[in-house]
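Next come the structures, one after another.
Each of the next two complexes has chain A plus one other chain: chain B in the first, chain C in the second.
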Partner chain A sequence: MAFGAFSGTATPVAVEPVARKRSKVALILLLPGILYLGLFFLVPFVQLIITSLQAPGLDIGLYVNAFKVDNYAIVIQSYGSHIARSFGYALIATILALAFSYPLAYFIGVKLRRFPLLQALGLTLVIAPFFISFLLRTFAWKQVFSDEGAVVTGLKALSLMGSGDHFTGTPAAVIFGLTYNFIPFMTLPIYTSLEKLDLRYVEAGNDLYASPTKTFLFITVPLSMPGIVSGSLLTFIPAAGDYINASGQFLGGSDTQMIGNVIEKNFLELQNYPAAAALSLILMAAILVLVGIYVKRSGTEDLI
Partner chain B sequence: MRHVSRFFSRYLIWIYSILAFAFLLVPIAYTIVFSFNDYRRSNITWRGFTLDNWINVCNAQGVCEAFANSILVGVVATLLATTLGTMIAIALVRYRFKFRNATTLLLFLPMATPEVVLGAGLAAEFLTAGVQKGALTVILAHTMFCVSFVVVTVRARVAGIDPALEEAGRDLYASPAQVFLRVTFPLLLPGIIAAALLSFALSFDDFIITNFNSGAFVTFPKFIYTAAARGIPAEANVIASAVFFIAIIFVVVSQLSAAARRKRLAKQG
Partner chain C sequence: MAQGSFAEAGADLELVGITKRFPGFTAIEDLNLTIPAGSFFALLGPSGCGKTTTLRLVAGLEDATEGRILIGGKDVTHTKPFQRPVNTVFQSYALFPHMTILENVSFGLKRRKIADATTLAHEALRLVELDHLAQRKPQQLSGGQQQRVALARAVVNRPALLLLDEPLGALDLKLRRQMQIELKDIQSDVGLTFLHVTHDQEEAMTMADTVAVMNKGQIEQMGAPEELYELPRTSFVANFLGQSNLFTGKVISSGSNSIVVDVAGRKIEIPRERAQRHAGEVTIGVRPEKLMLHTSAPKPQSDVNIVGPGRVTDVSFSGVSTQYQVSVPGLGSMVVFAQNMVFGPVVNTGAEVWLTWNTDHGFGVADDPADGPRFTADTDTKSLAVQKREKLEAELEEA
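Moving on to the complex of A and B:
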């Protein structure tokens, strides 16, 4: 149910499907959607594999099918730092988003329990950023942190920033943007877990003379683990593949380019489709491995 | 002194949360405020309040076309994805079939795949197949990534339906079609509406997948991305702010009506 937590609806009760004779109906219900996903999700993956092995053809942007495994070595060599940077930024952003979201989710899910209307208001405020264009809210931060903006001039006046320093275009700005943009993805699943937290467990901990810190670490956190796991995945995955925050037009600069930026550049500008395809598959493989390990370790196997 | 520190530890989470909410709202407030800016060439410095941008919203070249394109794509992709996804959700909850786990995995993977990979894969497919990029390819792409979210949302609702209600319909000699239309569908409707709204929101705000598959076709996010290089016109802020207000009203109304329903049920129970 990890990703379901995001849809804002209650966790479905795990009902064993009733065995029915009319399995033809099931087929009719499933087939259109499955065929659609096959055609526009699975086939593109196969195509990415084929494209990633293609060799240059007669003209720029033309490629012939081949088995050029070299393509992978080439992109890893030229874009290794971008790949490492993407995962580094995404990891830091995930940790920051978790640190920011946990107290907030606790506040909405536990402290506001007695005030249903305030709780609804809190949730609305958390998802409010979703309702304003992703690009515009990122652009807004760029303006807030621009060299003429109040934040940077203020920090410079306090000598916390050198007069020639910028904030936009730095890794910190990109990580800030990634964190901000994916906070709702972190807060909502944790909220869903904490909202169901039975406070009698916490009381039991207190009754048995556990300190508030101990109660929190050994009762509250483990019980909210499913939310932490799904929130982290929902933040990490889009953050690792994002290229808006890192783009020079938004919060990034030439030294902050992530894997998404080079995939876009290779595909849409340089028409180097094999490189873009190889990079996409590397990103996907790395994410699947990381997600697999993470999910296994934290023991949440039912994802949907 | 002790009094003060007790006060703080008690209300610390309140103070923190209020500051956190304020922080989340900063870019929203910025976008809305700058929709009223009397801007000249670039909408970056504040030059005074005006309603012109709101009144003549289509003055900025291309912004209204881009907005209309986004609405078109959002509506068509939502209709397609909601239909396909609802059918799958019903099958998943109500029927036992082979390859059940494979189906669940196929539905989960698009949500776990970074958008840039989805976008590049589709673009590679369209390139090989010789399909011209445009409105159609964008709609096909958006439908694809919305289906899984619809399934997750509607599935919860299907699982929550008491089978006894449908049984009662059958006992009263309703045909299977009648049971579906008169009992099941009305019960599913809130879930389907929620799924459709989610689909539309995802489609409307998508940039990355769109950018790979749109060619010369411009959606609203793509308009902003292109404009960001030379300055985003305040008219784009106007449209984004208007969409924001409409969405917020939707959410508030639905939450209030849900609260009212809970109250009514509590009274009856």
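Moving on to the complex of A and C:
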């Protein structure tokens, strides 16, 4: 019997209770997470789908359950340009944030490696904006770019802007705001990748006849790809749904409304809940598809 | 270097007055070295002696503080690494983890826009017998296989000069011997100039045509392995390359063929041409395998040095030979390697023995024995401190 425990036939019998016990422990540990997801993601999500299919009721703001798929066609027809604009702005902001963040992350993660104190300082400076509410920061930029602000008056004095031009309310201002607000989200993942970059690979690249430019393209960039991908996802997804920067109260104007602004307007002002819900679901689906294609193309499936 | 073409053959490497200073310490001091084309040259030394720095200077990964580097007569001191006709097999292999083995090997060829890069890469992989793994990623290979890929990746470029930075360090003994033979074969097949950096004296001696022993940023002695072994010129070489029994004493008579040194009252004779210094206080030595053990006092002979009696303090049996530690009053501890002509050790610990050796086998070095005693245990405070410092210096060197 004592030897039986070690033989092949006896093992499954001995292991099974242990395995069952383990899976029970795992289940208990997972329970809070599952409950949380169920309560705060699944229930609202189902509610959102139901709302998006509702039909108008007896009074304004009252809707009855229905299966009105038309809602989707209607919102796409009326707000198609907003959806396109959202993704356009988000894409440009992501590219600009990447162009700005990569050198910054490279500098902090690679060049400052030998000076840990400076490295910590650099990272702190990247995170520092989070200490102030992003509404306040965006509002501050509105002040900076206002028609009476130094930037616009200066550009006007240099005749780079016409006397009747504004900067706030233009697409450029909205994209600027998006880029600015999401730079830390882009910088930190790239920093994490570059900080781990083994410089011996770079040396090996140089040794194998690759000029610094080629080494950067063939060695450094591919090795930091996980950071680039997660950084651009962390920028693109929230930027596409953002409604603060594009709002007229901040950097946007009536021509720069993004899908987030439309959803906000439909929910809070027009009380057209089905339209808002349908738009939310369209945004979600579109982001899922775009992100899926992006992750597939960049060859970093392990990330998700 | 012309784009799209290979080096015709190995090239000479010449280092002229190279000095390399890092903040706080000097890694290399006024190093002059010429390595003829087509030779297999080994730089041998303990960690932190400047050998890896020398290699990195030649590769261009480090800039010399002073001096010039010439490859095939062309001054490359101020060129970038990717412009030099040099390839390195790195200690860490540094295979690109995001590329397949084939992409790794063809990387250098593609950067130089050489036609048929893929075909040539396959050929190089066949040379190291790994062509069947061409589509794998480096992480999927064993250490020995990675090492061979690193070698293929460098050799495929037919560099005028191939630099090897302790590439066999991570391999187990058997694989290491096998790779040593393969490397040597490749070198003679391809006719490249090899510069091999190692701290393994056996590796250096079996593989290289010429060995240079480096210590504290300078070359102590350079020559064919047997020459270095049989006639070390400094006590560092005598102890780093194999083991030696060293004694210090005054020269009491100096003839035309030999000198006689008085070591703690014993007269020891060595050939005049094998001694670096012929007067005053000198350090002389003899290799442990040249010593003979006797259990009774041998008769004095004209061409034999005799010391003893001494006591055997330790016997360690290693198969082919047995190593005896003999404590001789006045001379300290001496090492004897005796071949196992009979079964097992001939004497046991505590036995009284005499040691003799042919006077022709002695040698005289140019300096005094190195700072520390030879056989200190590695665990005392002083040697720990020394090790720690050396490790720190090695790390600095790598940084």
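In this text, the second predicted complex is superposed on the first by the 279 of 304 C-alpha atoms of A that agree within 3 Å, B and C clash if a C-alpha of one lies under 4 Å from a C-alpha of the other, contacts with A are read in each partner's own complex, and residues count from 1 in each chain.
Here, a residue touches a chain if its C-beta (ideal position, glycine included) is under 8 Å from a C-beta of that chain, and two chains touch if they have at least 3 such contacts.
Since the structure is predicted, the reported quantities are computational estimates derived from the model, not experimental observations.
Once chain A of one complex is fitted onto chain A of the other, the partner contacts of A:Pro222 are limited to chain C, with no touch recorded for chain B. In the superposed model, A:Gly80 lies in contact with neither chain B nor chain C. Contacts of A:Ala277 after superposition: chain B is touched, whereas chain C is not reached.
Of the two partner chains placed by the overlay, only chain C lies in contact with A:Asn206; chain B stays clear of it. Touch counts on chain A: comparing chain C and chain B, the chain ahead is B.
In the superposition on chain A, A:Lys214 contacts chain C only, with no contact to chain B. Once the two complexes are overlaid on the shared chain, A:Gly241 sits against chain B while remaining clear of chain C. Once the two complexes are laid over each other on the shared chain, residue contacts for A:Val43 go to chain B alone; chain C is not touched. According to the touch criterion, chain A has no shared surface contacted by chain B in one complex and chain C in the other. Of all the residues in chain A, the ones that touch chain B in their complex are 3-4, 7-15, 17-20, 23, 25-27, 29-30, 32-34, 36-38, 40-45, 47-48, 50-51, 100, 103-104, 106-108, 111, 116-117, 120, 122, 124-141, 143-144, 146, 148, 180, 183, 233, 237-238, 240-244, 249-250, 259-260, 263-264, 267-268, 273, 276-277, 280-281, 283-284, 287-288, 291, 303-304. On chain C, the positions that touch chain A within their shared complex are 59-61, 80-82, 86-88, 90, 92, 94-98, 107-108, 111-112, 153, 157, 399.
Touching chain A in their complex are the following residues of chain B: 13-14, 16-17, 20-21, 24-28, 30-31, 34, 44-45, 84-85, 87-88, 90-97, 103-104, 106-118, 120-125, 127-128, 140-141, 143-144, 147-149, 151-153, 155-160, 163, 191, 194-195, 198, 201, 205, 207-208, 211-212, 220-221, 224-225, 228-229, 232, 236-237, 240-241, 243-244, 247-248, 251-252, 255, 259, 262.
Residue ranges of chain A in contact with chain C, taken from their complex: 114, 198, 200-201, 203-212, 214-215, 218-219, 222-223, 225.
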